[in-house]
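Look at the two complexes coming up: chain A is in both, with chain B in one and chain C in the other.
Let's look at the complex of A and B:
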C-alpha cells in the first residue's frame, strides 16, 4: 500500500520532490499518515423553529489528509468533498460545493533550510499581519499556495520568506502575498545568556499584498503592506508577550474605502506558579482588516487574524452570545485569575478546589472627524476617514463578560463544575444589524459527573440563562452516559422565556470510539445563532435532522 | 558564502520594503464624482405662462438624469406668469398652480414676494438666501459644488394617508451625521408629479402646449415657507443626535395622492444653506 502511494505521489506530478522521495525510498520506505472525517446531516423541514429542508435531503462535508514522510522529505494532499455543503458554512451561490484536491504540498529540509512548495499554513507572530489557517468548524481555509523558505541564519535566528496566492474555495484570491519574518531568540544567539532566567525573543514581520487597482472612483494602492514587531520576555514566573502592527492605506469593503492606515497592539502578560495563575491582556485595533481581495467580506480571504482576548465558552448557553472581533476598531482587556485551594483545607477538601475568575470587556475606539464637513460614521468613502489617538477608548460598549468557575473533585467518583456568567452583548455591532440593542444575560451552570466502578460514568449538565432581551430566557438539561468505547447523550434546550413561542430544541445521540476512529449519530433540533472560534464567526441556521459524524486517523 | 547570504537577505528586504503604495490626496480619480448621500434642493420659480421656464425644467431633468435621487426639485409657481385665465376648465391656463407659500416667496401677480421681483425662470440651489438666486444655466455648476460633500444630517420620512379623512401625515426624523454647532430649521412640503396641463413654451410652435407634464409642483407646506426651528442654539450636535417631528395636512381636492411626494429639508438658520433634503412618496 505504501509503495503504491509513493508511486501515486510521483504520478500526480510533484516533480523533483517526488523524485527525491523515490530516491530516498530505496533506503527507507518512509511513513504514511493521515486522517479522515465526514459530517453528514439529513434535513427535516420544521417551520416551528425556522428550519428548512434541502433539495438533496442530505448534505455532506468530507475530507481526508494523506501525508508521506521520509527523512527530510514530506509531501501530502487533502481530498475534500462538499456534496453539497452543510447549511451554515460559507457557500454563497454554491461556491464551496464540489470535490477535488485543493491542498497539496511537498517539503524538504537540508542544512539550515526548509523549502515548501504548494499549499501551506503560516503565521507570523500573533497573526496580526499574517495568519493562514484552517478551521473546519467555521468553514475557513485560507491556505497559501506558493513557495516558502525557512532558513536558520544563525543559531537562534530564524528567517521565513514566502510568496503565494491564497485559497478561495476551489480557486485562488486575486492578490499575491509576499511575506518575510525574522525571529531572534536572544538567549540562543548569545551563549552567555543561555542559562539566564531572563528569556528574550524578538521578531519582525513584513507582508505585502499585490492586487491590481481597478476601482472606477478611487486611486487605490496596488500594493498594500503591513508590518509588525514583537517581543516576548520571560522572567521566572512572569511572561510578557506583545506585538504592534501597522498597515498602510488599504481602502476596502471592510473599511468603506477610507485611506487611513491601520494599527494594532496586543499585550499578553501572565504570572504562574503552583496553584496560582494570573493573566492580564489588552488589545487595541484600528482599521486592521487585511484581505487578499479588497472586495471580500465575511470570513473570505483574510490575510491576518486579530486574536480575541475574551473567553471562548464551551458550555452551550454562554456560547449563544460570543464575541466577534471588530477589525475596524476595538479596544479590549482581560483579567483572569486561576487559583487552586490546596487540598486538605476547609474549602479545598480532600482533592483541592479550582477557582477561575475571568473578566473581559471590549469597546469601540474613539474617533473624531477629520474636518467639519466629513462624517465619522458611516465612514466617508474616498477620504482619510477619521482621526483617532493611539489606544483611545470609545464610549460604546461592545461586550462584557464576567464569569466565575469552580471545579471540584468531591471523591474518586464525583466531580463537579459550577459556573456563573454575566454577559453584556452589543447585538447591533456584533451581529451587524440595527435596532436590537444590548443583551444582558445571567447564566448559571451545574455540571456533575459520577464515575461508576465499571469504567462507566454519568454526566449531567444543568444550565439556565436569564435575560429579558433577544429570545428571552433558556434552560438546558443534558445527560450523558459513557462506558468504554461508547457514549449516549440526550439533552433539551428550552426557550421558555420566549414570548412568541416557547420552543424546545432537543437532541438524542450516541457515539462509538475505537482506536483512532469515532462514529457519532444524533437526531435533534438546532437553534439559529452564531458560532465563533477565536473571534471569527459564522451564522448557524436553525435545523432539524439526523447527523452522522465519522472521523478516523491512521 | 556569508556575503552571498547577506546579499540575498538584503535583496529580499529591499523588494519587500518597496512593495507598498502610499496614496496621497486626492484619493478620488480625476473627472469622476462620488456621491455620499447629500441631496441637493432646487427651488425652481416658475409659471405656466412663462415661455422660457421649460428651459429650466429641462435643466432639472438633465440634473435628475445625471445625479438621480441626489437632486430634489421643487417647482414653485409664482408671479404674474402663474396667473389663471378663469375657472372654465375648457379654457387654456385655467388651472391654478399657485400656493400661499409660492405667493409669499415668489410673489403673486405684480406683488413681489420675499425674494423680490423675480425674472423667471430663476431658482435657488441648496441655499435659501436672497442673494443666492441663480439663472437655471448656473444650476449645474452649483449642484456640482455640493454633490460630493457629505450630508450633515440624514432625514427619514414616515408618511401616512387616510382616505376617510383625507389627512396626510408626515413623521420626520432628522439624525445628525456630522458633529456641528448649527442652529437649524426643518421645512416640509408636499409636491405632486405628472400634472398634465397648459404651459407656454417659446421654443415650440404653437407656443401654447396643452398636455405639458408639470413635475415637482409645490402643493402646500406642512409647516410654512420657513419651516420650524428644531435646534434653536449653537450648542454642539453630536453624531446620532435626533430630532423628531410630526406634521399633518389636508389633501387638496385636485391632488392625485398616488403622485404626491413629501419633501423635507433641513437648513442652517443663519446661513440659509440647505444641509440635507429627502423625499418620500405619500403612497
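Let's look at the complex of A and C:
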C-alpha cells in the first residue's frame, strides 16, 4: 500500500515537473519554497581547554521551512529537530531537545487587509514594547502564536492588532499578549506633501500581557500594560528617530519583584550625504525587562527587545567582550562618523578610502533610596525599589568602545581593512558575577585580500589583543584561500598572555557553495565565551571536535 | 514511511525548481516610507538583482562594493537594477542610511528590520543574492560571497538579459 502511495506521489511529482518544464510556466497551482539547515558537531574531550565530550558523541540542530503561496494566500511551517541540542544553546534540563513542528501559519491578504493565523513574528517601532523574532544561531525564537490583523486604514495609515501566546521551546509561555500599533506616514496621507523635503512619521503602540497572579506574598498585577510613542523627522540630509516607552509596575524575577514602573528612551539622529555619514544616538533604560512569564530568565520569553547602540563587532578578538543591554537600568550614547576620502586624491588613491570612527559608552543610571531603611541594591522585593530621575546618569561605567576602521582598495587585486579598537568592559555587570573587575583591551586588526586571476583569492587576517585582565593577551592568524565555489581556511588563536597556560585554539576547514546551497566542514577548538548576533548574545562552552554545517534554499 | 517522505520531497522539489515569484512583503525605504516588494522589483522587463546584507557583515560589504564598482558597466550592458535589502535590526537599522551614503553606493537600499522579507525568501544567513528575470521570476540565486564571485553573478545577469538559460 505504501509503495503504491509513494509511486502515486512520484507520478504527481513527475507530472508537475513536466507541466512546469513547458515553455509557459504560468499556472494557478501556486509555488512551494523553503530552506533547510543542519549543524552537527562531534565532540572530543580536551581537558586543556575545558572541552567536554557528550554521551551522544554527536549533537545535531536542524530545521526546514516550507512556504506555500498562491496569489493572496500563503501558508507554511517549520519542522525542527534537536537530537540532541548542540552545546551552548539554551537547553536547560534538555527542554529544547526533541523534534516537531513548533511553527506553522497561514496568511491571507486582500485589498487593505492582511490576516495571519498561527505563528508569526512582529515588531512595533524599535521593539521597546514588542519584538518577536528568531535568531537560530543563538537558539532564540520567541515567535507569537495566535491571530494578527494588519489593516491599511488610508494611504499612509497602517494599523496592526494581535492577540497571541508565545513560543517557549516546544510549548507556550503562560501569558497572553495583546498588542496594537498605529503608524502614520504624514507625507503619504497628504498628497501635497508627497515630494516635500520634510518627512514626518509618527506611531504609537500599546501592549498588554495577562498572566495569572500567583505570588504567595505580593499582590501582583494580572495585567501589565506597556506603551510607546515614536516619531521620525527627516529634513534633507538630517534625520531624527526617537521612541519613548513606559511600562506599568511589573514585579518580576528580572527586577527582584519591585513595584516601580519602567521607562525607556531611544534617540537616533543622523546626517548623511554622498561620502559622509554621521550618527549620534543615546538611550536611557529603567526597569524595562518585559516577559511573557514574570519568572522567566536568560533569553526566554522576552516580549520586547531593547537594542544596544554600541558597535556590533564581527572580528573575533573585539567580539570577546560584547556589550549587552542592561534592562534594569542603563544610559548609553554613541557617535559615529563614516567618511569616504574621494578617489584620485592623495589619501584616497585610485579607488577612495573609507574611514569610520566610532565611540560608545554605557553607564548605570542614578538611583536613590526610597527611604532610609530600604537599600537601593539589592532591590528590596515587594517595595517600590528605588527612585531615579528621568535620564539620570550614574557613576558606574558599564562599557566603552573607541574604534577606528580604515578600508582601502589598493588596486584591482589588493584590498585591505585595518582596525584599532579600545574596549573597557565591566565584567562583573555584563557577566553577572562579582570580583572580576573591568577589562581594558587594545585590539589591532589587519585584514588583507589578494585577488588572483580566475576569481581565486587569498585572504589573511592578523589580530592582536593586548590586555592585562581576564585571560591576558591574544594573537590570532587566519588564512583563507578561495576559488569559485570553494574555500579553505586555517586559523589559530593563541592565548600567549595567559600565565596559567598558553593555549592554542586552532581550526581548519573547507566549504563548498553552489547556488543556494552551502556545505562546510571543519575541525578545531573553540574558546568558551560569548557569541553574539545582531546584539543578542549567548554563552558558548569550550569545545573541540568536528563540525558540519549544511544549508540550502530552494 | 521514508519512501513517502522522499516522494513528498520530490513532489515539492518539482514544484519549486522552476522560476518562483517574489513574495509580497512590506519594507521601508531610507526615507522611512513603506514600500511593497512587488513595486520595487519592476525594471521594465530587464533583470533585477536582490542582495540581502547587514552593515556588520564583512563579506556582504565586499560584495556590494564590488557590485557598486561594476554597476555602471552592468547597467549599460544588461539594464540590470540592483536592490540591496538591509537585515539590520533596530540596533543598527538607524545607521543604514548614513552607512550606505558614506560608501557611495548607487543602488536602492531598503530596510527589512524584523526579517519578514528575509524569511519569505527563505534566506538563512547573509549575504544571499537572487536574480530575477524580466518577468520578475527568480531564476538564479547565490549564497555567501567569496572574492571574485561578482564575475559569476555578472555572467548570470548577462544570460538572463539575453533570455538564455543559466547553467
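In this section, the second predicted complex is superposed on the first by the 525 of 554 C-alpha atoms of A that agree within 3 Å, B and C clash if a C-alpha of one lies under 4 Å from a C-alpha of the other, contacts with A are read in each partner's own complex, and residues count from 1 in each chain.
Here is the rule we use: contacts are C-beta pairs under 8 Å (C-beta built on N, C-alpha and C of every residue); 3 or more make two chains touch, one makes a residue touch a chain.
These numbers were taken from a predicted model, which means no experiment stands behind them.
Taken together through their common chain A, the two structures put chain B and chain C side by side without a clash. After overlaying the two complexes on the shared chain, residue contacts for A:553 are found with chain C alone; chain B is out of touch. Once the two complexes are overlaid on the shared chain, A:374 sits against chain B while remaining clear of chain C. The vertex angle at chain A, taken between the C-alpha centres of chain B and chain C once both structures are aligned on chain A, is 180 degrees to the nearest 10. In the superposition on chain A, A:518 contacts chain C only, with no contact to chain B.
Look at A:309: by the touch rule set out above, it reaches chain C but stays clear of chain B. Taking chain A as the reference chain, the count of touched residues is higher for C when chain B and chain C are set side by side. Residue contacts after overlaying the shared chain place A:431 against neither chain B nor chain C. Superposing the two structures on chain A brings chain B to within 22 Å of chain C, judged by their nearest Cα atoms.
Shared contact residues on chain A (touching chain B in one structure, chain C in the other): none found.
Only residues 2-3, 5-7, 9-10, 12-14, 16-17, 20-21, 25, 29, 31-35, 37, 65-67, 69, 74, 109, 121-123, 126-127, 131, 133-134, 136, 158, 185, 187-188, 199, 201, 232, 234, 239, 241, 268, 270-279, 281, 305, 307-309, 312, 314, 336, 338-340, 351-352, 354, 356, 409, 415, 417, 447, 449, 451, 454-457, 459, 482-485, 487, 513, 515-518, 534-535, 551, 553-554 of chain A touch chain C when the two sit together in their complex. Contacts from chain B toward chain A in the complex involve residues 5, 9, 12-13, 15-17, 19-23, 25-29, 32, 34, 36, 149-152, 177-180, 239. Of all the residues in chain C, the ones that touch chain A in their complex are 1, 3-4, 6-8, 10-21, 23-24, 31-34, 54, 56-58, 62, 65, 69, 88-92, 94-95, 97-104, 113-116, 119-125, 128, 140-144, 146-149, 151-152. Against chain B, in their complex, chain A makes its touches with residues 153, 159, 161, 178, 180, 206, 208, 210, 215-225, 248-249, 251, 259, 369, 372-377, 380-384.
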